[in-house]
Amino acid sequence: MNFCGVFPILATPFNADGSLDLESFDRLVRFNAGLGVDGVTVLGVLGESNRMLDREREALIAQAVAAAGGRTRVIVGASHPGTEATIGLCRMAQELGADAVMVAPSAEPVPNEGRVFDYFQKIAAAGLLPIVAQDHPASTQVHMSLPLLLRLVAEIPAIACIKEEGVPTPVRVAALKQGMGERRVPVLTGLGALYGYFDLLVGADGFNTGFAFPEVLLAINRAAQAGDHAESFRLYAKYLPLLVFEQQPGVAVRKELLRMRGLLRTPHVRHPGAAIAESAAAQLRDVVARVLPGVDITRAIVP
Amino acid sequence: MNFCGVFPILATPFNADGSLDLESFDRLVRFNAGLGVDGVTVLGVLGESNRMLDREREALIAQAVAAAGGRTRVIVGASHPGTEATIGLCRMAQELGADAVMVAPSAEPVPNEGRVFDYFQKIAAAGLLPIVAQDHPASTQVHMSLPLLLRLVAEIPAIACIKEEGVPTPVRVAALKQGMGERRVPVLTGLGALYGYFDLLVGADGFNTGFAFPEVLLAINRAAQAGDHAESFRLYAKYLPLLVFEQQPGVAVRKELLRMRGLLRTPHVRHPGAAIAESAAAQLRDVVARVLPGVDITRAIVP
Amino acid sequence: MNFCGVFPILATPFNADGSLDLESFDRLVRFNAGLGVDGVTVLGVLGESNRMLDREREALIAQAVAAAGGRTRVIVGASHPGTEATIGLCRMAQELGADAVMVAPSAEPVPNEGRVFDYFQKIAAAGLLPIVAQDHPASTQVHMSLPLLLRLVAEIPAIACIKEEGVPTPVRVAALKQGMGERRVPVLTGLGALYGYFDLLVGADGFNTGFAFPEVLLAINRAAQAGDHAESFRLYAKYLPLLVFEQQPGVAVRKELLRMRGLLRTPHVRHPGAAIAESAAAQLRDVVARVLPGVDITRAIVP
Amino acid sequence: MNFCGVFPILATPFNADGSLDLESFDRLVRFNAGLGVDGVTVLGVLGESNRMLDREREALIAQAVAAAGGRTRVIVGASHPGTEATIGLCRMAQELGADAVMVAPSAEPVPNEGRVFDYFQKIAAAGLLPIVAQDHPASTQVHMSLPLLLRLVAEIPAIACIKEEGVPTPVRVAALKQGMGERRVPVLTGLGALYGYFDLLVGADGFNTGFAFPEVLLAINRAAQAGDHAESFRLYAKYLPLLVFEQQPGVAVRKELLRMRGLLRTPHVRHPGAAIAESAAAQLRDVVARVLPGVDITRAIVP
C-alpha cells in the first residue's frame, strides 16, 4: 500500500438519539471513494473514536470496508491507552479487512520516550497491518522528539507512514524529510489542513486529515506534488476561511457542513462533545456562501 | 445498597504475557470478601481499566460477581469519554450482575460544568445501577466545584455516593458533608488512603480506594466510625510508610505487594505502565519488614 | 478611554545579545500610532512579558508612553501569578503614564472561580488604571466560564473591556454581547485575528492582538463596524495565509516579518523561545510575495 | 560549598495585609541557622517566589544573607521563564551575597530537551554562583529525562547539585547516583520529604525541602548518612503524619504550623493562594498533639 496521497479522516455519523448512522457512514465512504481519494481513515480523533464501544468500532470498520469495496483503502484508528488493547484493536481491523492502522502514543504519568518506542515496537511485533504513526501532541499530550520519530522509521519496518501534526508542522515535516536515512516513509500532514500549503511546500506527501471538502485537499495536493505551488497556494488561500472555521474545537462544524452537503442525515455529535451553536451554524452558511457563491455543494465541487 | 464502609479498588491481575489472570482475580475478590469488606470495586483507574478491551471488561466483571457470590457487593468502574459508551458500560455491569457503577467525568477541550452535570444526568436517566460519582481531578483533569458536586447529589437520585479524591480531601469532604441538604449520600475517600485519618475525622463514611492491606482500611474505618480517633490515628500512622510507598505513580508497587501476599501470581503491569524497578522491590521488602516484622503477610493480618 | 477599535499587541524588540532594543521599540510604537490605531498594548504574552525583569518592564513602559506621545493610548500587560504583585505592576504602569492595564488570571493547583473573581476585584480595589480582562485559556490554563466573565463586567466597574481569546471565540463573543446587562463593556478579539472576521460578525468591538500588518486589522475592523461584511471578509480572506502562518507557536515568525518591514533591527526571540527556522523564514518570504506581490512592505501598505 | 546535608526551603512570611514580614523572615533564618542546617533556600516554589516583585526578592535575599551572618549558607531560587531574566536573578543573588542559586527549567509550548540543556548552559556561562538544578515536574511541567540530568552534571561544571523531585523519587535518585560518571554532584531530595526515608536509603545526600520541623529532617538525615536506617525509619515514620498533612496543596498548612511554633506572626498566604481552612487548622492542632504530645513546639524539639 502506498501512503502518498490524500486520506481523509471521516466523521462518524450518528442518529439524533446518538446511535450509529451506518447508512450515512456508507454514503460518506462511497462519496470519498468516488472522489478518488487514496484511502479513508475511520475512527480518528475527529471520528469521535474515543466515544465508541468496541462493538461499535467493529460495525464501523466492517461498514467502511464494505463501502470501500476495494475502490479505496481503509485505515483504522486503533490507538488505545494500553498496548495489548491497541494490538487487539489492530487485530480487529485486520480481521475485518482493513488495509492499515493509525496509532498514536498515549500519555503516561511520567513521560518516557523509550516507552513510546517500545509501544510501537510491540504493536509492530504482533505482525499485523502496516502502521501510520500519528504525532498529534494536542490530543495525546505526548511530545515525540524528532530523533524519536526518526528512530521509529529507521528501526520499525511496520511503520509505513508518519502523520505529522506537531506544530510547527512545516518545520517538523521538513526535518523529518531531511532526517530520514536509508529507510524512508511518506509524511502526511493533518491538523485540518491548516498549514497544508506550507507542509506540502517542504515535502509532505499528502494529507491525512478531515475537511468537509476532500475534493479541495485532492486538488491542493495534486498541484503541490506536480510542483505547481502557485496553484496549490491559490486553492489553499481560497478555502482557508473554511479550513479555519473548521478549526474550532470539536467536530460539530464539520458535521454540520457534511449535513449541508447531503452526506450526513444529522450533525449530531456524541455527548459530551459540543453541538454546533446556532450562531456558528449561521456563520457557516455565511462563509460557504462567500467562498462558494452559487455552488451546489451537495455534489462534488470543482475546486 | 449501603455505601458506607470499605470498598477496596481491586488491581487487575495479568499473566506474564499480559493476558488476564482470572484465577488470581478470583482469589483477590474472595480474599477481600473474606475480610468482610462492604464491597469491591473493579475496573478502577488503578485496576488499569483504561488498558482493557470491552470483552476483557466483561470477563472481569463476570468473574468478580461470581467470586463475590453475594457475600460482598461489586461496584464496576464504568467511566468512558463518551456518554453513550458510559451508559453501555453501565448496562454491561448491570447485565452481568454487578451492584453499582463508579463514574467519573471526562475532560473536554472547553471545560463546562453544565455539561458534566448533563453527563451524570444522562447516565442516571438510563435507569441502570446506582452511581458512585468519582471526583478524581488527578486522573480526569476535570475539577468539579463543590457547588456542582452538591447539585449532583441534590438533583440526581441515582447518585448514591461521592468518592472524593480532589485535594485537599479533608477540606472537601468536610464541605460536602456540611453542604448536603435534604438529600444526603455517603462520602467515601480514596487517593490510596493517603489522607485517610484526616478524611474520616471530618466525617468521611469510609474508604473506596486501593491498598494491599484492606484489613488495615477496615480497622481504621471501624475505629473512626466508632469515634475512637486515637485508635484510628494509631493504625493510620503505623501503616503510613506503606501507604506512602504505594503512592508512587502507577500500580506496580501495589501489585508486587499483592504478589508477596500470595494473591497475585505475577506483579505484571500492562504496558505502557511501568513495571516495578528492582530497587523499588527491595525497598518494598524493607518497609514491609519494618512495619510488620515477623508477620506472615500471606494471611490476613491483624492490624 | 474608549476600548472599541484596534489595539495591536506589540512585540518586544531585542538586540542580538538578548538585551532590550528600545530604539526599535520606539519605532514600532510610532509606526502603530502613525497608522491611527486606537492604542497599543505592550508586555502581552507575545510581547514576551514573561521573559522580562521588572526594571526592563519599566524601561519598556516608559519608552512606549514617550513614543506614543499622547497620539495613541498605551495599555500595559500586568498579569502576575500573585495578586499583590499584579497590583504592583499596575501601579508601575500608572506611575509611568500608561492609560490602561491588561490582566489575565493565573492558574492555581485547585481551580476556583470565586478566587478568580476576587483576583480581579482586589486589583480593581487598588483604584488604579482601567482593566482589560484577558480570557486566554491557552496561555493561562484558566478556563473562565461565561457566567464568571459576565459577573466580572457587572460587578467590577474598573473592568473596562474583555479581551476574548477562549475558543470558539465567535460563540463566546456572541454570548458575551448577548449576556451583558445594564453595564456593558467592549469585547475585543485576539488570537492573532485567526477568527477575526467571524468574531466581528457577531459583534466584537475590535482587535486586541498582534499581527505584523496592523493596517490590515484596521481595515478589516473599519469595514466590519460599518456593516460592510463583504469587504471585511475580502480583506480577512486575502490576509488569512499570513495570519495563519503567524499562528505557529512563539513569536519568531512575527518578529521576522517585522524585521522584513524595517521595524525591528533583529528578529531575536529571547531564550528559551524558539528562533525562526531557516525553512520557516523562506516560507515567510514566499507567502508575503504571494499575498502582497510587488508591494513595498517597509511602508504602511494599502490593504 | 558542600551541597550534602539539610537545606530547608523557607516560607516567606507576610503581614496580614500581604506585605513582606521581614522580621519574621529574619527569625526564621536565625532559627534554622541555630539548628545547624547546612544552608537555607529562599524564594523556592513554596516560598511563594512566583508571587513576588523583583524588589521584594531583593529585600528577602538581603535579609536572609544578613540573618545567616555566615553561620549558614543561603541558596536563592532564581528560576524565571526567560533565560536572560534568570541570569539577572542569579546576578542579583550574587551581588547580595548569596552562596548559590536554585534553578528549574520552564515549560515551552513545544518541549525540547536540547533547549533545557542550553538554558542551564547559558546560565552557567554567565559565570555566577554555583547552581542547584531543580527537577520538579509537578510545578514546572518539564519532565527532564535521566540522560538529560546526567548530561547536565557531566558537561556543566557550574551545576553543583541536583534537587530531585520527579516521582518516583527513590528510583530516580538511585538512577542518578548510579549513572553519574567522572563528575559527581550531590543529589538532594525534596517533595516535602514525603519519600525521604526511601530517597536516603538509595543514596540521596540530604534534604532540600520545606518542613515546619527542620530539626526532624536533620535527625533523619544524620541517621541515614551514618547508615542507621532503622533510626532513620523510626524518625521518618513518627513524623510521617505531619509530613503527609503538609503535602496538601499550597503552603498554608506549613505557615500555620510555623505560626504555632512562634516563628511567623501570621500564616498569611499571598492571594490567590489558599488560606488555611478552619477545619484544616483544627486538624493540624490534632495531629501535632498526637505526634508530639506535651511538647513545647515553640522551641527546637528533640526528634
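We just call them A, B, C and D in the order they show up, numbering each chain from 1.
FYI, a contact is a pair of C-beta atoms (placed from the backbone, for glycine too) under 8 Å apart; a residue touches a chain by one contact, two chains touch by 3 or more.
This structure is a prediction, so every number in the text was calculated from the model and none was measured.
Centroid analysis (C-alpha atoms only) places A farthest from subunit D. Mostly identical positions are employed by subunit C and subunit D in their mutual contact, as over half of the interface residue numbers are shared between these two copies.
Per-chain Cα centroids separate subunit A from subunit D by 47 Å. Rounded to whole angstrom, the centroid-to-centroid distance between subunit C and subunit D, based on C-alpha atoms, equals 37 Å. We define each chain's centre as the mean of its Cα atoms; on that basis subunit B and subunit D are separated by 33 Å. Contact with two or more other chains is made by residues 109-110, 112, 167-168, 249 of subunit C. Touching subunit B in their complex are the following residues of subunit A: 18-19, 48, 50-56, 80-85, 88-89, 105-106, 108-110, 112, 115-116, 118-119, 122, 249-250, 270-274. Contact residues of subunit D toward subunit B in the complex are 167-168, 170-171, 174, 194-195, 197-198, 201-202, 229-230, 233, 236-237, 240-241, 244-245, 247-249, 277, 279-280, 283, 286-287, 290-291. Listed in rising order, the residues of subunit D touching subunit A in the complex are 109-113, 137, 143, 145, 166-168.
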